[in-house]
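Look at the two complexes coming up: subunit A is in both, with subunit B in one and subunit C in the other.
Our next item is the complex of A and B:
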C-alpha cells in the first residue's frame, strides 16, 4: 500500500490553497447566495450591523442584524473589517476546524499520529459544503470551528475549554444547545470507539452536574457580556429569538422557510413550536442509545441539526458529512451510501440552478427551489438514518451466510 | 341676478350673528383659482378653498377625557371638524394625487405636496390618555371613511415620523407636552370621482356655485396630472384654517398640436354662472406668462403683483397676476386666454433649480441597488434633506451608501444621517440624510438594498405586479446663515406669499417586485414538508427503538 502523504505537508498546502481562493474576488459573487449564508450568518448583514453600531444606531432595533453582539465586539475592537482580513480570518477558522477534527480523530484512536490525518484534513478543507460558505464569509465557519473545538477539548478531557467553546457557540447559534448533552457525556466518559461493544454508560455520572453548572456559568457570563456590548437585551429576540420565530423568510436549503411562507397565519405559532421542539426530541433517545459512545451521539445530533435546523446553510450538513470521516469503522455497514450520494448530488446541483431560475432569471418559480430543498432534506435524512443504522449494526459483527440482521 | 345679490346680503348679515352667538367663532370662506400657462404648453390650475375658524385653537389632547365643547359651524365642514376634535389633531395634510409632477417642465407646484398616490401627515400633541399612534390610527380610518380612499392601508407598516422633511406649516400650540408627527404614503392609491364627491361636500356651496362649479370630474380626472389636498393648520393670530385644494395640469395641445389657447369651457367644460354667497372673497388669478403676446377675455378686474423674477442662468420672467374678482365680475364667467402665435415645440431650460431622479437597479428579486441622482443647476451650494420612508420589504444597507459627484467619492457631502431601521412585518424605514448639493453638478447616491421574502398572506392582490414604493422627498434646508436660502428657495413667484411652505420635491414612485411563493400551494407545502419530517423522524426512531436480531434465512426471496 502506498504510504499516505504526511499531514505536516498536506495540511499547510490545503490551507494555502484555500487562502489563495479566499483572496480572489469570489466572495463578492457569493456574498448574497442564500444557500451559503442565512440572515443569521451573512457577512453582508454583519457589515451592516457593524456600521450601525459604529455610527451610534442601535443595530438590534431593526430586522437586519441578527448576529451575536460578540461579533460586534470582535470586529469593532480586535479585527478590522477589511475584506482581506476577513478572508484570512475565515480561512483560519476553517484551518482550526480541520485541525480540531484531526485531534478528535487522534483522541478517538488514542494515537499521536495516524496515516488517516491527511484524509481527515482534506475532508474538512475540501468539502464544498464547507469551503463555499467560508468563501462567502458566512459566520457559520465560526460556528463550525467552535463546535469542533468543543468536541476536540471534550475528547481530550479538557472540561473547561470545551465548555467555554460550547458557551461561545451557544451565543452564536441557539440550536447548538443540542450538542451540550453528548458533549457533557463525552467529558464524563471517553472518546474511544465503543460502537462495536455497546454497554451501559461507563463514565463517571457524578461529574455531569458540575459540568452543567460550569457551562451555565460561562453562558451567563457571555450573555451578560453580550448585553453590556449591545447596551440592552434587544439582541436576545433578534438573535436567539429569530431562530425560533423565523421573522425573515429568506430562502435557504432547509425545510423551514417555505413551510412558514405558505403557513396559514393562525397556525404559525403552533408549527413554530412543533418545529423547534421536534429538534429537541432527538437529544434524549440518541444520547441514551449511544450512551457508550457520546462522540457518535454528537455526530448524529449534528446530522439532525444539518437536516432540520432553522436558517440552515450548506455549512451545517457540511459539518456532519466531514465529521463522518472520524468514524471509518462503520462504513462497511452503510446500507445505501450510493443512494445518499446521488441524492446529495441531485440536490446540490439543482439547488443553485433553481434558485437562480426563480430569483434572477424569472423563468422558474419558488416550487422548483422548494422541491430541491426537499430532496436535500431527504439526502441529509438518508445519510442520518444510514449512519444510525451502521452505528448500531456494527455491534452485530460480520454477516454470515444464511443469516440476516433485522430489527425486531 | 338681483336674487343672488339679495340672498348674499341676507347671508352676510345673518352668518356672523349666528356663528358668533353659538360658538363664539367667526367663520370666513375664501376661494381662489390660479391658472398658470406652463412652458411646455400645458396649463396648471390650482383651486384653493379656505375656511377659517377665527380665534379657534386645536383641541389639547390632555383634555381628551373631558367632554368637548359643542361644535356649531356654519361654513366650517362639520364632518371634518368632528374628526379633528375627536383625535385632537393640530395640523393635518392629506393629498391624493395621480401622475408624476414634472418639475423640470412645470417648475415647482403651487401646492408642494405632489407625491404620487395618497399621502397623509399630521402633527398631534402628546400627553393624552390615548397614544399618538392610537389617535393616528383613528384619524386615518376616519379620513378613509370621509374621503372614500384606502387610507386605512396606511398602517403601522407604512407610518414614519420624519420631523425634518415634514415640519409643521402652521404653528404648534405651546402645550406642556411636545408634538409628534406621523407620516404615511401609499403610492398605489388611485384618485378618482369617488374621492372628489366627498371633497365637494365639504364646501359651503358644494359644486353648485362659485369657483367650485368648474370642478367637473369628467375633465379633472382626464387631466395629465391631478391631485386634491386637504390642509388643516393652526395660525396663532387668526385661528384654525381648513384649506381644500385641487390641482390639475391640463393639456390644450391635445386638441390641436399647435394652439395652446384655453378657456374654462375648453378646460373644464363648464363656466361659472353662479356666485357662492358664502364666500367673502372669490378670485380667479391668471398668471402672466410674460413671454408672448396673448389676450385675456373678459377683461380682468385688476392686475396685482410685482414681477417676481427667478433666475437660473437664463432669467425667465414670470409676471404678476391678472385678477378676476368673482364677487364684482359679471356672471356667467368664462375666462379664456388666446395666444397670438402658435406654440413652438422646442427644448426649454429646466424650470426648477433642483431635480431628483430615483431608480431601483438589479435583476434579482432578492437584492438590488437604489440609485438617486440629485442635480443642482443653481449657482449656490444647497443644503437639503433627503427622506426615504420605505416599507420594510426594501431594506437599506447603509454600509454600502456611496455619494459621488462626477464619479468621485464625496462622503463629506453627507452632513448628517438619521436612520430608523425597519422591523420585518411591523415598521417602515426612515432614512433622513442631510446632504450638501454642490452648484452646477449632480450628486449620485447609491445604496444596496435587499428585497424581503413575504409570507403568502402578506402579498397584495396581483402579487406578481409588485409593490409601489412611496416617493422619496428632497427638502432644501436653510443654512445657518440664511443668505444662501433666499438665493435658492424663493423659486415660485406665484406662491411667494407663502414663504413658510417648504419646497418639497417628490421623486417618482418605484415598483419593486419581491419574490412570490406559489399561492396555490399552502396545503401541498404543509403536506410535503411534514411528510419529509415525519419520514426522517419515523426512520430515526424506528432504528433507535427496535432491537437488532440475527435471523436464519436460508432461502432468499419468496
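Our next item is the complex of A and C:
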C-alpha cells in the first residue's frame, strides 16, 4: 500500500481549488436553479429579505423571505453582502464542514490521524451535490456545516457546543429536529463503531434529560433572540411554518411539491400532516435499532431527511452521501452499490435536462421533471435501504458458503 | 374446485420451511437469468437494431391529425389575389436589380427598409458582425413590425426570409422570390384588421447568421463573439414563425423543413396545419424536405403484393435518414431552426424549384391561411406534440414507436457492464490445493473474491474526457482552421501516444485485485449506456447514432496476451474514436455551428463520444 497523501497538504489544496471555483462567475448562472436552492435557502430571497430589513420594512410580510432572522442579524452586522465575500464565506462553510467530518471520523476511530482523512475531505469538498449548492450560495451550506459541527462536538463528548450547534441548526431548518435524538444518545454514549457487535444502550441514561433541558434552553434563547431581531413573531410561520405548510410550490428535487400542486385544497391539511408525521415516524425505530451506535442512527436519519424532507435540495442527499465515508466498515456488506450509483448518475443527468426541457425549451411539461425527481427519490431510497441493510448485516459476520442471510 | 385450490396452495407454499423455499426460488431465478445473460443481451441488441431498421416501415406510423382545436386550419376565405402577385413581381424586379448591381448588404438593407416604410410599416435595419476562428461574418438585417390592430402587441408572429436560400446548406443561391413574397405579404396583410398578434417581417442577411444575430438582439441574449446593433423596434413574445424559401422561378411542391438546432423540433400541430392548408387551400402538394417520392426499382422476383410496401419503406427511409442527418448533428435544416431555442415554433416552407405549376399566387394564399390559423392560438401549443418523426408529409411516428429501439440497446449495454462488474469481483481459484481449503475451512468453493479498485479506473475515464476537452479547445483555435491537415494529424498523434502510456500500467496480482481493464470495461459500458438512454429524450437521432456506433464496439472490447493484437485493436478503436478529424469540411462546419449558432454537436463528440470509444481502446491496450 503506497502512503496516502497527507491531509495537511490535500485539505488546503482542495479548499484552494474550491475557492478558485467560487470566485468564477458560476454562481450567477446557478443562483436561480431550482435544484440547488429552494425558497427556504435561496440567496436571491435572502438578499431581498436583507434589503427589506435594512430599509425598515417587515421582511416576513411579503411571503418571499423565508430564512431565519439570525441570517438577517449576521448579514446586516458582521458580514457585508457583496457577492465575492459571500462566495468565500460559503466555501469556508464547506471547508469547516469537511474538517468536522474528518474530526468525526477520527473520533470514531479514536486516533489522531489516519490515512483516510484526505479521502474524507475529498468526498465532502468534491461532492457535486454539495459544491453546486454552495456555488449557488444556497444557505443549505450553513445547515450542513452546523449539522456536522453538532455531530463532531457530540462525537468528541463536548455536550454544550454540540447542543448549541444543534439549536442554531434548528433555527435554520425545522426538519433538523430529527437529528436531536441520535445526537443526545451520542452525547450519552460513544461514537466508536459498535455495528459489528450490537448490544443494549450502554451509555449513561441519566445524562439524557439534562441534555434535553440544555438544548431547550438554547432553543428558547435563540428563538427569543430571533424574535427580538425581527421585532415580532411573524418569522415563525414564514420560516418554520413554511416547511410544514408548504406555501411556496416552486419545483425542487423533492417529492412534496408536485404532490401538493395537484392536490385539491380541502385535502391539503390532512396530507401535510401525513407527510410531516411520516418523517417523524423514523426517529424512534432507527434510534432503538441502532442504540449501540447513535452516530450511525444519525447518519440513517440524514438519509431519511435527504429523501423525504420538504423543500429538498441536492445539498441534503449530498450530506448523506458524504457522511457515508465515515462508515467504511459496512461497505463490504452493501448489496447493490453499483445500482445505487447508476441510479444517482441517471437522476443527476436527467434532472437538469428535464428541468431544461420543461422551463427553457418548452418541449416538456412539469410531469417530465416530476418523473426524474421520482428517479432521484428512488436513488436516495436505494442508498438508504442499502446502508440500513449493511449496518444490520455486519453484525452477523462474514458471509459463508452454504448460508444465506434472510430478512424475515 | 377444492382439489385445484390445494394443488395451488401446495405449489405456492411447498412443504418445509417457507423461508428456505423462498431463498431457493430466488436463487433459481437469479441463476436462470445470469446463465442466460448472454442470450438476453444478444436478444436485446437484435431487437433494438431490428426496431431501428423498422422505423421507416409504414406499419409503425400513424396518420397526422390536429391536436389543438383552436387552430382550425383551412376554415377561412383567403383574399390574396392576382393584384398581390403583381406586387410581388414588382418587388422581385427591384431585388433582381439589386442583385445585378452587386449591392452591398447595407445598401440592400436600406432599400428594403424604405420599401417597408413606404407601406406605412415601421421598419429598421440591424448591422451585425460575428467573429469566429474561421474569420468574420457580417451583414445587415431588415425588419418591420406591423402592430396588431386588435390587441396591445404582447404576442407576435414572424414571417421571415433569408437573403440566401437553404439550397445546398446556404451555397449562395439567392432567395429573391422568398424576400419579395415577404414584402408583398407586408403590403397585403396590412389591409386587414383581423390580426390578434403583431406580425414581424424579418429579412435576414446571409443564410443562418443574420437570423441568429436578429433573434439574439430581440431576446436580449448576449453572445461573446457577436457585435450587433440593438433593435429599435420591438414587439411582444413571438409564438410562431414561418420562414419562406423560394429559390426557383416556379415550384411544384412545398417542402417542410422542421429540424432546429440541437435537435429541437417544432410542435407538430404547426406542421400538420400547414400541410392541411397547403393541400386544401393552396392546392399545393406537400413534401417532407425537397425530394420527390420517385418510383424505385424493385427486383422483379419479389411478388407484386410486396411492391407497395417496399416502395413506401424506401421513400420513408430516405426521409428518416435526412431527418437523422439534420437532428443528430444538431444542425437546423434551415433558418427556422434558430427560432426553436427561444421557444418559438417555426418551420421553413421550401418551394421545390420546377417549371410549374405554382408561384406567388398559391404560396400567398397558403401563407395567408396559415397565418390566420396561428393567429387563432390562445395558448402555447401542447407539450405532448414535440416528440415525433415525420416519415411522410401526412404520416408520423409517435415517441413510443421509436424511442424503445435505442433504449433497448442501452439496456443491453447496461447488462453487459453489470455482468463485467460482477465478474470482476470473482476469480476461479485453481492453484489452492483442495486439502488446504478444507483445512482453512474459509471457502468450500473454488471461487475467491477480489477487491475492485474503482478510483484509478475513474481517474482513467476522467483523463480521457479531459483529453477530449483539450482536443475540443484545440479545434476552436484559428491555428487549427488554418492548418487543418497538419493539425488533425498532430492531434491524433498526441491522443494516440498519450493513450500508449497504458501499455506501461503496472500489472497487479489478479488473484487479489480485479484487473483494471475489466473494471474499465464495466464502467465504460455503464456510462455509455446512461449517455445513450438519456440522449434519447433530447435528440433521438443522436442517441440512435450513438447506439449504432457504441453498442457493439464497446461490448466486444477485450484485452489479449499478444502485444501486436493489442496494438491493432487499439488502433481500430482510435480510428473509430478520432477518425472524424479527417472529415475536414464536416469538422469545419461543426465548429462554425458551435461558434456562431451554439450547436452542441462538436463539443459533445469531443468530450463524450470520442473519450468513450477511446476507453474501449484502452480496455484492449491495458495488460491482461
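Rule of thumb we're sticking to: the second predicted complex is superposed on the first by the 408 of 408 C-alpha atoms of A that agree within 3 Å, B and C clash if a C-alpha of one lies under 4 Å from a C-alpha of the other, contacts with A are read in each partner's own complex, and residues count from 1 in each chain.
By our rule, a residue touches a chain if its C-beta (ideal position, glycine included) is under 8 Å from a C-beta of that chain, and two chains touch if they have at least 3 such contacts.
The model shown is predicted, which means the values in this text are computed figures rather than measured ones.
Novice: Once chain A of both complexes is superposed, is A:357 in touch with subunit B (first), subunit C (second), both, or neither?
Specialist: Touch status of A:357: second partner only.
Novice: Contact-wise, after the overlay, does A:9 reach subunit B, subunit C, both or neither (first, second, both, neither)?
Specialist: Touch partners of A:9: none, neither subunit B nor subunit C.
Novice: In the overlay, work out which of subunit B or subunit C sits against more residues of subunit A.
Specialist: After superposition, B is the partner touching more of subunit A.
Novice: Looking at A:349 after the superposition, I want to know if it touches subunit B, subunit C, both of them or none. Which is it: first, second, both, neither?
Specialist: In the superposed model, A:349 contacts subunit C only, not subunit B.
Novice: Go through the superposed model and pick first if A:402 touches only subunit B, second if only subunit C, both, or neither.
Specialist: It touches subunit B and subunit C both.
Novice: Please indicate which partner A:365 is in contact with in the superposed arrangement: first for subunit B, second for subunit C, both, or neither.
Specialist: Both partners.
Novice: Once chain A of both complexes is superposed, is A:262 in touch with subunit B (first), subunit C (second), both, or neither?
Specialist: Only subunit B is touched by A:262; subunit C is not.
Novice: In the superposed arrangement, what residues of subunit A touch both subunit B and subunit C?
Specialist: After superposing on chain A, subunit A residues 360, 362, 365, 402, 404, 406, 408 contact both subunit B and subunit C.
Novice: Which bits of subunit A are touching subunit B when the two form their complex?
Specialist: These residues of subunit A touch subunit B: 32, 34, 44, 47-48, 50-52, 55, 57, 59, 61-64, 247-251, 255, 257-265, 275, 278, 281-282, 285-286, 289, 304, 307-308, 358-360, 362, 365-367, 370, 374, 377-378, 381, 384-385, 388-389, 392-393, 395-396, 402-408.
Novice: How about subunit A: which of its residues touch subunit C in the complex?
Specialist: So the residues of subunit A touching subunit C come out as 338, 342, 345-346, 349-350, 353-354, 357, 360-365, 401-402, 404, 406, 408.
Novice: Write out the stretch or stretches of subunit B touching subunit A in their complex.
Specialist: So the residues of subunit B touching subunit A come out as 363-367, 392, 395, 397-399, 417, 419-425, 452-457, 515-518, 521-522, 525-526, 528-529, 532-533, 535-537, 539-554.
Novice: Provide the residue numbers of subunit C that touch subunit A in the complex, in ascending order.
Specialist: 19, 22-23, 264-265, 340-341, 343, 380, 383, 386-387, 414, 418, 421, 443-445, 526-527, 530, 533-534, 537-538
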